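Before anything else, here is the set of structures, which you'll find just below.
Paired with chain B in one complex and with chain C in the other, chain A is shared by the two complexes that follow.
And now, the complex of A and B:
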């Protein structure tokens, strides 16, 4: 087994008909996206040996559109951060696109680091059925790819109401078919002044270069204010930890997963198995969630209230401009090396607001560059404005190609 | 000092919807273990619950039957606790935003009149799996049966209005009557489709504070609930009189020893809103449709039976408690029979027969139409009560007409005086000593001789005529 894949598809699927929209497109998935018959351990010993009985809705749609599932990558435990993640690396080795969960910015940050495109759709646009998730209200299947067209093709296939996911709102489908040709500039883009404090000098220069690229295709850039910006991280951490603690409650090591030989009764066996299964930083994250659940429920309620306020503030700001623009990553905070909850959060500071608000966001490589360092240009749009967001990203990407 | 009890009941009722609450598996917990399961109710990773419309509708109708106000928005929370009967680590339950609030039922008060007992709220929740412990063999093992996992429950939480074991039992019976009427639940404590937990505290009579309460579980009949509460009131009173403090804890009722015993400290987990199950928003239109599903409820029906059929309040109550019986009564009485006679035959003959056979009317071959024809023959004197009873037993089992049964079984009443005369002759001849007795003034002899004469007629004699003739002959 290669270092990139945890499982490689050995079946030679019948070649899809030429008419199939994704014929010949090679897709790698993270092992938390259920593929019937494949081991799906979500990167955790707690799911060791778990083999789903059903395909995730995303997988069903990919398969029927003729995509070739090449295998599953390695991933950070339960999709929390990017420690050990390999799916973007597979983009150079056998895969065209990677379907990966984006809970705090994983698809965007991973793509930015490797110089690829990465997209997190609006919350509720892609079915979560079959996703072995951790933070139901924030996560969704994102897509990383070498070009935007393949990401758009994948989105065209996987987006849309799934009766198996009742948490998806009953809304008309987002139409990706006219993307990217459908883009009609010019547009207004806002930079959130409170976010600029997070950048060092090089990053600030790189971001400016990215903005210049946008202006070059006719974007009007203006500074806007999100007074609650500094609260995004605390809100994400509190709500996500609580949801994670609940989601991970089902890993009892009885029916699947690592089971400890320790313990004289079921309770001791649970404790020992879970203690041996989870690693840092997930273990610390689950502790935080349990703490809020059992000891400080008021803090969780506050976080939910503030989250609603942040959603309102963001919606208001996005009423005045078409998009918000941020860098994608910070150079000094390497998501792959993050060993603590704090370090994980530091590396997703610029991406996690989109997860808190459920907004779509796309990472574009090659424009926010300074001194040879690409920090990634991230554009965030209104909820359900995914198609126009990808169009704008395409326009910027084309201008990069033209030089 | 005199104490009074403050009692609140938390009652879980299993809804009889066809499927479980969040998946399409059959709601039949009694089937072969783990037969009615799927990835959703096995709580396997990657699955999402989808709320059953039918269960929601049944829960709503049940709430309406208990006079609760359906809330415009309700939602599911995760009640977090870890136990092997709940391998997902949380139970979906409506903690923060229950389906309905502020209901009530009326009971007959102990000292006469009615007493209204309030319901605080009713919420929906999923049941957990069932554990089967096998302690025999070298290594004791515990097996988990997921048939019950995810089946729909409503939990009915009362206000602390109940003051005695009697009121607690009447409250449960009232809930049961109302819920059975709607056809949404079976409500059998014996079969576990209704489970009652009681919270009991005591205070000096006439005061209004709420003292530390003790929870009692594990009662498997309504009678047991009354007994457990009575036991607990005595126990707590004794504690207070000895100067001991009451400690918040949970006790289990032991139905064999008839005592409550303390169980290990109860673990109360937190409740977090579930991010996956959609919120329930009730529209006026939908609520109206649910209200239309509510049948005429027993209290209303009893009133109508008094005005429309001239029943006494007691008769009307007896005829309205059970929905099947009430419909059967009305269907029979409409066929031109005396409503009192119909009531009398249902209460003294039909109901005990059904109880004996452990059947509902629906489950027997009896129809109101044939029952009415039977009672008509009784009224006309074609058969006597004894014969009618025999035929009724047969009507429960076969579709034959009551008229055919009368002829076939020779149940036709004997009113022919010469035939009866012959029977009386025989009896008097064989029992001259008893006849002497009567003539000396022992009136009891008539009953004895009547019994013999009825027997000699194989129960077919017209009893009124027979008695007249017998007394005449003896006199």
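And now, the complex of A and C:
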């Protein structure tokens, strides 16, 4: 087994007929997406030895569309950050696309580091049934790939209402099929002036290069203001920590996962098993969640109030412009090396707003480049405007190819 | 009409037909027939049907009645009428009549009920037996609703009746009920005490009484002669399903009496108590010495509703060639057995060997079990070939064995072990084979208990150190002599349960001193623990003795309830917790500080609200049940400090929007085309594939308590 995969599928299934929409597309999944019979530990000792009894809805749909599930990658513990994450690396080694959970920008930042496309769909489009999640109100299955078309194909397959996921809204489906050719320029793109303070000199130059690329295909760039921008991180941190602490409650060492031999009684069994199950920084994150839950619940409610305001401000701004544009990753804050909750948050500062608001966002490689450094160009759209967002990204990408 | 004119629902009948009555109670059930609405109105006395129809009731009352729901508290005026032939309901006592309502007042509305309360069907012949699957904790959380059920009210009424019979009878016999204190001194004997901290004496504690033992003896010294009390006692013992941390005891003590007086008093009293449940106990109650009880049933509280008592077969094998028996007898052991009459069909070789000999009996502490099935021409067994002809004949004779019987024997060097293991086996088989007759009550006095039990260092009291021995001429330094002493103690046992027990007490200070000496207690220890009591024995203490009876258990047995919680109004649950009030609970540090308890344990000892609990990270470790090690502590403390800062930031910027928990609008609705069902993974057992530990179709976890 290579260092990339925790499990490599033995592909014995007959190749799907050519008529299958994903015939021959090789997909890698993170080990937090349930595949019946595959080990699936979400990178955590809390799920030591866990083998799902059922496929995730995403997996069911991929299989029936003829995709080849090549295996599962390694991932950061419970999908918090990118330490140890390998699914994007697999794109060079046996896989065409990676299905990975995007909770604060993981799919986009990972793709930006490796020079790939990365897409986080609107919240509520893709079923979370069978996803071993951490932050239910923010996470969704994203897709990383070498080209946008395969991402669009995957989205066409996996998006859509699933009665088994009660968190999905009753909304009409988003039509991805007309995406590649559907783009009708020109468009208005906004840059959030409050976000520019985060950039160092190289990043500012690279971002400018990315904007120039957009202008070249007819985009009108204008500066807009999101007064609450600086609060995105605090809101994400508070809400996500509380949801994570709550989600991790199920790791009780009773029905699955790691059981410590230490506990002589029930409380000690919980304490020891859960103590041994989680590593830093997830463990520290869970303590933050417990702090808000048990010591300062008012702060959680306040964060939810601010979240409401941020969603409204974002919606308002996206009424005036078609998209918002940001860089994707930060050169001085390496998501792959982040060892503390604070460092993890620093590295996803540019991507996490889309998770707070549930907006779709796509990372495009090859345009925000300066001195050979590609920080990634991130375009974020209105919720449920995923298809148009991907069209715009396609237009930019083809202009890059054309030089 | 005022409430003073109110009549009781359950007492109405044909003689009341034509009367105008005022009733008040709760809506037990409703049946809506369009124009006509029937309700069952329930008060403590029972149920009567009330009819609302446009004619007699009028449109206004009918409209008001249409808004009624179960358990509304209402007042109804109406006329008693005979039911139309064919519509009588024999399921309720008032089933021949109904009340045609003319006035209705809703006294108090009721919210959605956590579980159904009605126990009576409104239609003849239809069972309204409520769904028994209501969880007990839910019942206890809403105990005030649970107690509205006629069954539960009946339990409380009968319990009251039993207590009243006790008081009346003992009053007749010259007993006086005297109250003894609840806040007393902790004594290190018996079970753990519940402690009550004293504010006036910091770091000092009262104890709640485990029983009023010493006080009732002091009342005898006081010359009260005949005392009793129905009293709450407290014991902080390990959790058991049918045990309560506080329980009610009938406590009794009398002077100038012998055992016979108490036997006769208690027999007459218990006979009267059991009559409340319609049970007639036969007097006199049989008696059995402790030694016989052990030798025949392996238990000091024998269940004699069925036979299968032990036979000793040690002498049959005195000269045996069978190695295992020979070795056991060589070490002074014994062999006892039971004859399971006529059950060889149901106890196959496989069950006897693989279940009982290999699994069940070793669980009772014995190393093995010998089984023999009686067949044509002798015994069938895996070891019978090692027995001589004489031994085989001896067995058949000793156990009066006939074809179809199964003989089970346990041999061991230790007599108590043989008795205990065989006793448990006897009960196990009786339960499994259905040999215990229902509705049979077998009271029994067990007498002549050993006064002392052996310990590593000497002896300890079997009962308590104030129990009178059968002889007083013993040498307190000779352990063998001490272990041969019998006590003048007695237990009242019924159907394998101990209902109560007591003893004749020591009233002589010198004898009491020798008992303490035998127990190895120094004068200083004795003085500290019992000084106040021993001093009382120096002032003309009369000869006296007494007995105590567990009221909860007796009432539960009289009423035939599955647990004692069914006969207690507000019990704790199996975990000694009260779901209604959430007791026990933590208390504020200020309260502990006031009691001087914060620094009680000294350094390094955790106390609720103490310094260690004050540490934020440790508190979070506890509430989130995630242990941390020293290497992680600094990082986690830093992350929690960050969280505190974030909390400050969001607080200062919160604004006044509504909190948003999801960016999408999610409607709750039932999944289409599905019905409630058991997961196929649960049915196939596949669900256990990922379990760290499974046992017999359950997830196995650590014990609730150590």
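The working rule: the second predicted complex is superposed on the first by the 402 of 403 C-alpha atoms of A that agree within 3 Å, B and C clash if a C-alpha of one lies under 4 Å from a C-alpha of the other, contacts with A are read in each partner's own complex, and residues count from 1 in each chain.
Criterion: a contact is a pair of C-beta atoms (placed from the backbone, for glycine too) under 8 Å apart; a residue touches a chain by one contact, two chains touch by 3 or more.
In this text the structure is predicted, and so the values were computed from the model without any measurement.
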Return fit or clash for chain B versus chain C, each positioned on chain A through the superposition. clash
Touching partner for A:43 - first (chain B), second (chain C), both, neither: neither
Does the superposition put A:56 against chain B (first), chain C (second), both, or neither? first
On the A-aligned overlay, A:128 touches which partner chain: chain B = first, chain C = second, or both, or neither? first
Of chain C and chain B, partner touching more chain A residues: C
Classify the contacts of A:250 with the two partner chains as first (chain B alone), second (chain C alone), both, or neither. first
Just to be sure I read the superposition right, which of the two partners does A:166 touch: chain B = first, chain C = second, or both, or neither? both
Which of the two partners, first being chain B and second being chain C, lies in contact with A:137: first, second, both, or neither? both
Contacts for A:294 in the overlay, against chain B (first) and chain C (second): which applies, first, second, both or neither? both
Output check: A:265 vs chain B and chain C. Expected answer is one of first, second, both, neither. What do you get? second
Taking the options 512-520, 566-574, 638-646 or 656-664, which segment of chain C carries the C-alpha atoms that clash with chain B in the overlay? 566-574
Which chain A residues come up in both lists, the one for chain B and the one for chain C? 50, 53, 137, 163-164, 166-167, 245, 254-255, 266-267, 270, 293-294, 304
Please give the residue numbers of chain A that touch chain C in the complex, ascending. 49-51, 53, 123-124, 137, 163-164, 166-171, 228, 231, 234-235, 237-238, 241, 245, 253-259, 263-272, 274-276, 278, 280-281, 283-296, 298-299, 301-309, 311-312, 340-342, 357-358, 383
Quick check on the complex: what are the chain A residues that touch chain B? 34, 40, 42, 47, 50, 52-54, 56, 128-133, 136-137, 163-167, 242-243, 245-246, 248-250, 252, 254-255, 266-267, 270, 293-294, 297, 300, 304
Contacts from chain C onto chain A in the complex sit at residues 616-617, 619-629, 632, 635-636, 638-640, 642-644, 646-647, 649-651, 653-668, 671-672, 681, 686-687, 689-693, 699, 701-706
Footprint of chain A on chain B - complex, ascending: 39, 42-51, 78, 80, 82, 84, 87-90, 142, 269-270, 272-273, 275-278
